[in-house]
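Below is a structure I'd like to ask you about.
We just call them A, B, C and D in the order they show up, numbering each chain from 1.
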Amino acid sequence: MTYFQCDYASGAHPKIIKNLVATNEVNTLGYGNDRYCKSAAQKIKKACDTPNANVHFLVGGTQTNSTVIYSILRPHQGVISADSGHIAVHETGAIEAKGHKVLTLPSVDGKITAKQISDCFDMHKNDPVRFHTVQPGMVYISFPTETGTLYTKKELEELSQICKDLNLPLFVDGARLGYGLMSKECDITLQDLAKLCDIFYIGGTKCGALFGEAVVITNDTLKKDFKYIMKQCGALLAKGRMLGVQFDTLFTDNLYFEICKSAVDYAVRIKKAFEEKGVNALANSQTNQQFFALSDEYLEILSKKYLFEVYGKTKDNLNYIRVCTSWASKKEDVDELIKDIKSL
Amino acid sequence: MTYFQCDYASGAHPKIIKNLVATNEVNTLGYGNDRYCKSAAQKIKKACDTPNANVHFLVGGTQTNSTVIYSILRPHQGVISADSGHIAVHETGAIEAKGHKVLTLPSVDGKITAKQISDCFDMHKNDPVRFHTVQPGMVYISFPTETGTLYTKKELEELSQICKDLNLPLFVDGARLGYGLMSKECDITLQDLAKLCDIFYIGGTKCGALFGEAVVITNDTLKKDFKYIMKQCGALLAKGRMLGVQFDTLFTDNLYFEICKSAVDYAVRIKKAFEEKGVNALANSQTNQQFFALSDEYLEILSKKYLFEVYGKTKDNLNYIRVCTSWASKKEDVDELIKDIKSL
Amino acid sequence: MTYFQCDYASGAHPKIIKNLVATNEVNTLGYGNDRYCKSAAQKIKKACDTPNANVHFLVGGTQTNSTVIYSILRPHQGVISADSGHIAVHETGAIEAKGHKVLTLPSVDGKITAKQISDCFDMHKNDPVRFHTVQPGMVYISFPTETGTLYTKKELEELSQICKDLNLPLFVDGARLGYGLMSKECDITLQDLAKLCDIFYIGGTKCGALFGEAVVITNDTLKKDFKYIMKQCGALLAKGRMLGVQFDTLFTDNLYFEICKSAVDYAVRIKKAFEEKGVNALANSQTNQQFFALSDEYLEILSKKYLFEVYGKTKDNLNYIRVCTSWASKKEDVDELIKDIKSL
Amino acid sequence: MTYFQCDYASGAHPKIIKNLVATNEVNTLGYGNDRYCKSAAQKIKKACDTPNANVHFLVGGTQTNSTVIYSILRPHQGVISADSGHIAVHETGAIEAKGHKVLTLPSVDGKITAKQISDCFDMHKNDPVRFHTVQPGMVYISFPTETGTLYTKKELEELSQICKDLNLPLFVDGARLGYGLMSKECDITLQDLAKLCDIFYIGGTKCGALFGEAVVITNDTLKKDFKYIMKQCGALLAKGRMLGVQFDTLFTDNLYFEICKSAVDYAVRIKKAFEEKGVNALANSQTNQQFFALSDEYLEILSKKYLFEVYGKTKDNLNYIRVCTSWASKKEDVDELIKDIKSL
């Protein structure tokens, strides 16, 4: 069975494994106070061109989202998000569990606009009894989004500007950041992203690591005491060096980006193959996750060899599936899938 | 200036004031362990025909909603509500602040249906990775709703049945319960309501009292240790007898219902007057709150003598206003308003 | 039965009742936006000599403590308190329920010292892995304390200074403030208190009102958006005017202080009578609450006419009781109690 | 520099590394639904002789403690713990951040007794206003404790019995469980432990793994929906197989216990050497953590070659240090340290 079901189905990139093995017997201090974390943080700051940023390493995406948001908001504030945002739908209420409402805005292609944020803020501000409603306190977006789409540089600049104007920290969930930045349709760089938001993270779990997300805090006002909150949230790994070694490897010789690139190329090829076969893509994805409406017949045939994520039925009674490539996807497997799609 | 702005603009019904004055110098134990609370609870249980219910007296609506919901849900559960529900929009995130997501369903006339609850439950249950999403743990409805509408007996029976089937406690926010039950279009009784839900409250703040909401718990499994949670939530009044005296008065000689009845009649008359004048009602309200789209001209004229709640503009650029009567509204004021509407 | 059991056993001072009755039919806006709240706030600011303070009216003590502390702390911070502090023992974990640890310090006579705070702060600061422990974020004291004692002006100045030095907001729980300030042994004024802390409240529930606590915020950085947090905490009364009328009355013609004074005098007389009889006072109280170790025999005799709070047994197997006077205690009742004590 | 500073200074046991490498390219489902987790759970259930237990794999200790406790308690309940318990002092208020008070009892040798629990429970139960205080809802103990001591079988049976009698779930923090069970002075087995408590965890982070704690739930009433709460708490690893592979390795051929045994032996030898030199042990530890009061002179000499954890000064102005061995400690390093101690 070949997995195109998700991007966290295999272990880590061989170079990471190699370095974990090589450093396994080294003794270090715990909780991120080790040379590997320091080195990784340096390399990340350099790659982001943010020499004054703080870099912290956490374990997983839900943990990172909830820890970051919890560290920023005051009790009466909520976080603005697309209604399709991961924090709004797929984290078992982790944000609410820490006391905050997710203020959802209707999304198009998984994205929200500067205008929507501005309107949401104004509606609240102009409400004469606004203290009866949750105050917008920050903005969360995903890059790429949950449906694989990308904000353009212009869109991101507009979001960034309105957030600055309204004093709302902008937080970018980069769980699949590598796949976003490596998309041919992406017109921003890591440095652009770092400049345009206040805090973001570079996803490792889905982009070559065993696990790990690197939070980059560029806005000085958000830096204070972050490590306390990590610890309280159970997000401070005792053997932090595991995270250091992994990100140090990923940010050596551009590995993080190299390994994400092929996955996006593969995904786009698969999309093209399905579309040529008359299968509709269900999202305008430009990255490694592709969504399709597949007939029972097609699904049955392909499922003999391939594993996809099946979410349920569309209203046309087709199967709503995700085909997901990753840094670990092999060219020969992709070629074969495409051949099999053509033969449907 | 005559107030039609809200139903909490004046003090309490004279009989309540009389009894508060009469008992003012009596000494009692605190925290609800007094004869007045006991007597009021007895009368309420009798009125509800629920001899085994537990009755608790809290101070206000947001406090009651958040305390009740917090007492029922486990950490990973959320409360199903109409998207127009008070807990979803006007409580500054009080439910989220206590850790729970409000799972909103699109409402028609402020109401949700048994089918919607069933679908929401099934969608969650059938999700293969359902532990990534908030589990529906209870259902919240308002009676009357935030737009003044009422569930019919049939609708309520269906809601009740589905909630029983799915093991979801049904909680009814009765902040304006008196106005609901006294509507000519209401086909349920207090006893029906008590039988059809697991926990509900009888609103005092808006229905004749200075303040106070009487929570009635009929489902045995929800009774345990409720008073602890009240105390933790700052919802246990030291001089609980204030609540006891007020509800004891309201549930003597049917006072609660008598005084709510006129308010609803007045509101319906005002609605008729506006409609005859070609002013659109913005909700299908059958109770004491009526919502209209009023031109600037009309609003300006009427605002010289009357205070309404003005929420903002409709998309037709009319003024979205609420006209609200209460137990304290006077017939002569209503007559005059109607006369003035006719003269517009 | 004569009540000396607590200071919330009766209704409100007759002048408050009179004004509530007189204003009962007046219509006002809700949620504290009424003339009475405005007037009361003005009078309180004048009495405190803090023209720039913000004044908010809440309903009860636990509610006030938890709302204030929640509004100040960041997620990883805790509140320093005497181990005997109300928030540490008698609020069913209300502070923890809002996410914060109470950092208790051993108390003498219910009090903590500047030195203790300094040491606690330093111990945390000097801990190389301090992010594994809760960061002290503010200081809570009660005035008078839970055992009826008082901080001297010198002690309070020292607390104030260390809190300023360490940037820890100082919050004073004044649930029984009137009884404290009116004690003969009290060497501070309301103005002193207002100057020496960052936020405090003037207790109404136990000092003449039906209910109500007036929060005074003098530190500008603590003022922002307090009303949102009140609403979220269920602490924003719809008919806020009830609180306004009560505090307006209490702060007219010095009523608040006048009515507390006699209660303290009575309590001190009772203490003297018990001590002359060889009954040990269990706390060094200078205010309206007095604590004694009473034999079964004495308790049995006195309990025929008087109600005390009985907490349990001391280790000498005596009855640990509280005798509590209030603004409502009558001279003749106190005289009779003293006579009966003498006759034991 | 030789590390005796903590038990999480190096990577994982070579067999774990070997298996992680061997399985690195295998594709599996995420979130614990993989063959390795299933196999590891089976082996753990067998080792515990609890065929009906539920086993879940989490990442770290603080995360595990807070997730477990949060999953068990109702809002008004707290967790009973020794005042020296990890949850009470070293988790940055993680328990409080999830809404619950830690009810600390004074400990002797890091332990609490059945009698203390019973007294604490009774004191609460017999309080006439008990709803003003936090209700004891469960009991937390560490095995071994934070100071390296062990409950005897008799002590544990008594704790277990009182917890059953009082209906308080007993939760055992086994972050260093291997070192406890392998102590020569330990008179209980893993099976005993599993039988005597309701939920416990087998620590991996400090006992041979890169990271990971295996929660074993034996009490049926605590099993429901645990995975939802893990997800919400950010404690559900996407590549759960990492945890599965590690615990599968640890519970193959008794590895977990084998590798912990030597560490305890080493620690006891070091303790003996220090004591023979007249250095006082600061705790009655029987496991891999040993605590000493070391003079500046001794510390300076030994610090040239060895790293210890230095906590600060004792009241005798000696250095309060921890010497910590682990599964990774080497015999030759221990021999050398002992030789150097003798030469002091």
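Couple of notes before you dig in:
One rule holds in what follows: contacts are C-beta pairs under 8 Å (C-beta built on N, C-alpha and C of every residue); 3 or more make two chains touch, one makes a residue touch a chain.
Note that the structure is predicted; figures quoted are calculated from it, not measured.
Between subunit A and subunit D, the least number of touching-chain steps is 1.
Compared on C-beta pairs in contact, B-C and C-D come out with B-C as the pair having more.
Between subunit B and subunit D the centroid-to-centroid distance comes to 50 Å (mean Cα coordinates, whole Å). Remark: subunit B and subunit C have CA centroids separated by 33 Å (rounded to whole angstrom). The geometric centre of subunit C is 42 Å away from that of subunit D, both derived from CA atoms. The set of subunit B residues touching two or more other chains comprises 75-76, 91-93, 97-99, 131-132, 228-229, 231-232, 236.
Across the complex, subunit D is touched by residues 1-3, 5-6, 8-12, 14, 17, 20-21, 23-30, 59-64, 66-67, 91-94, 97-98, 205-206, 210-211, 228-229, 231-239, 241-242, 307, 328 of subunit A.
Residues 31, 70-71, 74-76, 98-99, 129-132, 135, 225, 227-232, 236 of subunit A touch subunit C in their complex. Against subunit A, in their complex, subunit B makes its touches with residues 75-76, 78, 89-93, 95-102, 126, 131-134, 312.
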